[in-house]
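Note sheet for the following structure.
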Amino acid sequence: MTIALYPGTFDPIHNGHIDIATRAAALFDEVVLGIFNNQKMKNVLFSPEEREALAKQAVMHLPNVRVMTYGGLTVDFAHAIGADTLVRGLRAVSDFEWELQMALTNRALASDVEMVCLMADQEWVFLSSTIVKEVAGVGGNVQNMVPPATAQALEAYFGHS
Amino acid sequence: MTIALYPGTFDPIHNGHIDIATRAAALFDEVVLGIFNNQKMKNVLFSPEEREALAKQAVMHLPNVRVMTYGGLTVDFAHAIGADTLVRGLRAVSDFEWELQMALTNRALASDVEMVCLMADQEWVFLSSTIVKEVAGVGGNVQNMVPPATAQALEAYFGHS
Amino acid sequence: MTIALYPGTFDPIHNGHIDIATRAAALFDEVVLGIFNNQKMKNVLFSPEEREALAKQAVMHLPNVRVMTYGGLTVDFAHAIGADTLVRGLRAVSDFEWELQMALTNRALASDVEMVCLMADQEWVFLSSTIVKEVAGVGGNVQNMVPPATAQALEAYFGHS
Amino acid sequence: MTIALYPGTFDPIHNGHIDIATRAAALFDEVVLGIFNNQKMKNVLFSPEEREALAKQAVMHLPNVRVMTYGGLTVDFAHAIGADTLVRGLRAVSDFEWELQMALTNRALASDVEMVCLMADQEWVFLSSTIVKEVAGVGGNVQNMVPPATAQALEAYFGHS
Amino acid sequence: MTIALYPGTFDPIHNGHIDIATRAAALFDEVVLGIFNNQKMKNVLFSPEEREALAKQAVMHLPNVRVMTYGGLTVDFAHAIGADTLVRGLRAVSDFEWELQMALTNRALASDVEMVCLMADQEWVFLSSTIVKEVAGVGGNVQNMVPPATAQALEAYFGHS
Amino acid sequence: MTIALYPGTFDPIHNGHIDIATRAAALFDEVVLGIFNNQKMKNVLFSPEEREALAKQAVMHLPNVRVMTYGGLTVDFAHAIGADTLVRGLRAVSDFEWELQMALTNRALASDVEMVCLMADQEWVFLSSTIVKEVAGVGGNVQNMVPPATAQALEAYFGHS
C-alpha cells in the first residue's frame, strides 16, 4: 500500500489545497494531510488545533485522506507514518524555487522519500493562504476561495459580520 | 469622466511612485493615490498620516491627482470613489507574480474594476520602498531616490544628521 | 480622442487577444489592433492577409476596434495613426521580461508613447499562439482557445478534418 | 494497474531523463517513455528511430519501462495506452512556466489525465538535451551527461573521433 | 593590491558561503568577509560576535581571507577598507532579482565599487541560511550543509542533543 | 598575470558588451573578447570576420582587451590562451537561468576555469543583440544602443539609408 504525505502549514486550508488533496487521493492508496506545527512559528493566524479542525472538515468527503499534526522534520514524519512520497502543490514561479530548494534538501536528508508535484486546477493556480488572509483581513468575501467552515473561522477571527 | 485608483502602502513614497502617478495622470481624468492603512499592518515605518503628508507633497504639482487614505478592500474603495480602473506600477519579476495574483483576486471580487499596469522609467525600475528604507537605515544618501520631504523624514526617523 | 495601438503578430488571433482587445476598447476611444508584418519573419504560419482577415472577424463586434497591418517600427506606426498609447497583454513571467525589454526600448525610441499592460482573464492567462499551433498541429481540438474562423483556418492548414 | 506516460522529444535521452524514468518506475506499475514524433519538427538531431533505439538501450535495466514513439496529441496517446498519468521532469524556472502552460492545456483537452512532476537529482537539475548537443557539437566530452550509446551516437553525428 | 569585500549576514555561515570565499580568495589578493550588523535587525539567530566567531573558524584555512563586522552602508565599509570590488554569491532566481537591485543601488551610491558575482558549486546552489535554520530548528541533521562548529552552535541554540 | 576570457556571439557588439568589457579590463591584467564561431550556427546576421572587425573597433580604446575568434569548446579556448576566468555579463532573469546552466556545465568540463559575472550599467541592463537587430531590422534608430561602426553595418545590412 502506498502512503503519501501532503505536508504544509494550512493556515488556513483553501480550495487549492483541497484540489491537490483530491488529486493525491486518486493517485495513492492513502494520503496524510500533515499540518506542520512548531512552537517558534510566527505569523500563523490559527492554532494547530484550529487548522487541524478546519482541514478535517474540508477533506472529510475523501475517505482515504487523514489529517494529522506534526512537528520536527517533514521526512522524519514521513518515515514515522510509512509514507514514501511527499505531495506538493505547485502554483506560481516564486513558489517553484522554494519547492525545488525544499525537495533537494529533503532528498539530502532522506533519499528514500520521493517528491511528487501536482498542479491545482487553473482556477486556484494563483490562490494562497496569504491572499485569503489579506482579503478576509479587510472584510472581503472569501467564500469562493475557501470551504464554508474556513470562511466562518476567518470571519470570527477578523470580527466582520 | 474616468477616475483611476493608484493603491499602495507608500511607506514612503519614492521617485518610482511619482513617475507612475505622473503617467497615470496623463492617461486618466482623475487619479486617486490611495494609501492603504490597516491597524494590523506591521513593518510599516511611517504612520498613515505621515505617509499621506509625504505623498501629498510629492504629487502636489499634478493637479488631477488626489491623495486619500483607505482601509478595507481595495476594490471597495475603488467603488466608493467611482474609480473603474486600478493603476499599478510594474518593476521586477517577483513583483509581477504578486501583481498577477492580486489582479486575479481583485477581478474575482469585483469584475467591473479593470487593472492597468504601467512601467516606470528605467531609472526607477529596480527601486522599491524596501531598498529606500535599507539604504536610509544605515545612513546612506537617498536624495536621488525620493523627493526632498521624504529624504528629510527618513533622516529624522533614523536619526542621522 | 485617445487612440491606443495593440500591436502583435497575431499568428493567429486567439481568445486571450480578444479578451485584451475588449478591455482596451472599454478604456480608450479607439483601438487599432496592429498586425506586424515583416518580409524577414520566419516561423509565421499565416500570411499577413490571413492574419488580418481572422483578426477582423474576431473583433468585428467591437465597434471602436480597427484592424490594420504595419511594417517598420511599432512606435512609428503609433505616431502615424495618432496613437499615444501601446496596449500589451501580460501572461506568464517569461513574457513579462520581454515586455519590459520592449517597453524600455520603445520608450527610448519614442518617449511620448506610453505603454499600458492589461491582464487577460485567468482562463487565458497561460494561452499563447504557440500553444494553439502546437495543439492544432497534432490534430487537437482548439475550439475553446480560438474563435470559430481561426479554428477553421487551423484545420485547413494542418489538413485535419 | 496504473500506467504512466513520460512524454518528450528525447533528442537525445540524457542522464536527467533516465533519473526521472527511474523515479517514475518506482511510483507506477508501468511507465511508457513516449517519444514524440512529428513530420513538421525542425531542429531535431536524431530520427525517431534513432531516438527510440537510444532510449531503449538507456532504460533496458528498468523492467517496467517501455519505449514507444507517437504522433498526435499527447493526451490522445495517453488514452490509447491506458495511461491516466503524465510524468514530467522539472528542471529550471523557464521550464516550469512551459510545464504549467502545457499542464493546463492538457487538462483542458482531457481532464481525466493527471500530470505528475518529479524532480531529478540535483546533479541533473540543470541538464538539458540542448546543453548536451551544444557541448557535443563543439567536440566537448559528454560522457558524464549521457549513457555510453548516446555519447557514441553524438560522436558519430558530429564527426569527432 | 586588490582587496575584495564579501558582505553578508552570515547567520550562520554555511558551505555555500565558504565555497564562494574560497573562489574569491583565488581571484583577489585579499578578501574581507564582512558581517553586516545593525541594531534594528530582526530575525537574526546569532549575535554579531557569534557569527564572526563561526565565520572565522570556517575560513581560517584561507590565509588571505579576513573576517570583520560592520554597520552602515556596505559601500562605505568597502571604501574604509580599501576594497574596490564587492563579491556576491549567486544562487537561485529570486536571489538574482535582489542582487541586481542591490548592485544597481550600490552603484548609484558609489560608482567606483565594482560588483562581481561568483557561482557556488552545484552542490550548494540551492543552499541558504534560511534552509539551514529551518532544518536545524526541527532537529534535522545539518552536518552536510555547514562546518562542524556551526553545526554545534545550531545544536546548542535549538537544544537538540 | 591574470587573463580573462569574455566569450560570446557578439552579433553584433552593443553598448552593454562594451560596458562589460570595460569593467573586466579594470579587474584583470588582460581580457580576450572571444567571438564564438561555428559552421552550424544559424540565425547569425554577421560573418565571424564582420563581428570581429566591429568588436575590434568598439574596444580599441581599451589597451588590455584583445579580440579573437574561436570554435570548439569555450573552456578549451580558455585553456589555449591561458585564461583561468570566464567573464559573463548578467542582464535579465531568463538570461540568468542560462548562465547558471552554462556555468555549471563549463565547471563540469573544466573545474580550473572560474566564472565571474559582472553587471552592466542600468542603462544597458535590458539591451541585447536581439533587440538591436529587431529595431534596426525595421528601420529604427539604434545609435544609442551600439557604437557608430555597428550602427553603420546594421544600416548597410538592412538597406535603410
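Should a chain be cited, it is by its letter among A, B, C, D, E and F, assigned in written order, with residues numbered from 1 in that chain.
Simple rule for what comes next: contacts are C-beta pairs under 8 Å (C-beta built on N, C-alpha and C of every residue); 3 or more make two chains touch, one makes a residue touch a chain.
If you're wondering where the values come from, they're calculated on a predicted model, not measured in any experiment.
**Student:** In contact with chain A and with chain B at once: which chains are those? Just list them.
**Tutor:** Chains touching both chain A and chain B: C, E.
**Student:** If we look at chain D and chain F, which chains touch each of them?
**Tutor:** C, E
**Student:** Among D-F, E-F or D-E, which chain pair copies the contacts of A-B, with over half of them the same by residue number?
**Tutor:** D-F
**Student:** Compute the distance, rounded to whole Å, between the mean C-alpha positions of chain C and chain F.
**Tutor:** Centres of chain C and chain F (C-alpha means) sit 33 Å apart.
**Student:** Starting from the mean Cα coordinates of chain B and chain F, work out the distance between those two points in Å.
**Tutor:** 39
**Student:** So which stretches of chain C touch two or more other chains?
**Tutor:** 93-94, 97, 100, 104, 122, 125-126
**Student:** Could you please write down every pair of chains that are in touch?
**Tutor:** After working through each pair, the chains in contact turn out to be A-B, A-C, A-D, A-E, B-C, B-E, B-F, C-D, C-F, D-E, D-F, E-F.
**Student:** Looking at the complex, which residues from chain C come into contact with chain F?
**Tutor:** Counting only chain C, the residues touching chain F are 38, 40, 71-73, 75-76, 93-94, 97, 100-102, 104-105, 108-109.
**Student:** Residue numbers of chain F touching chain E in their complex, please.
**Tutor:** Listed in rising order, the residues of chain F that touch chain E are 2, 23, 26-27, 85, 90, 93, 96-97, 100, 103-104, 107, 114-119, 121-122, 125.
**Student:** Help me check something: in the complex, which residues belonging to chain A touch chain C?
**Tutor:** Going through chain A, the ones touching chain C are 93, 122-123, 125-126.
**Student:** Within the complex, which stretch of chain A touches chain B?
**Tutor:** It is residues 92-94, 126, 128, 131, 135, 137-141, 144-145 of chain A that touch chain B.
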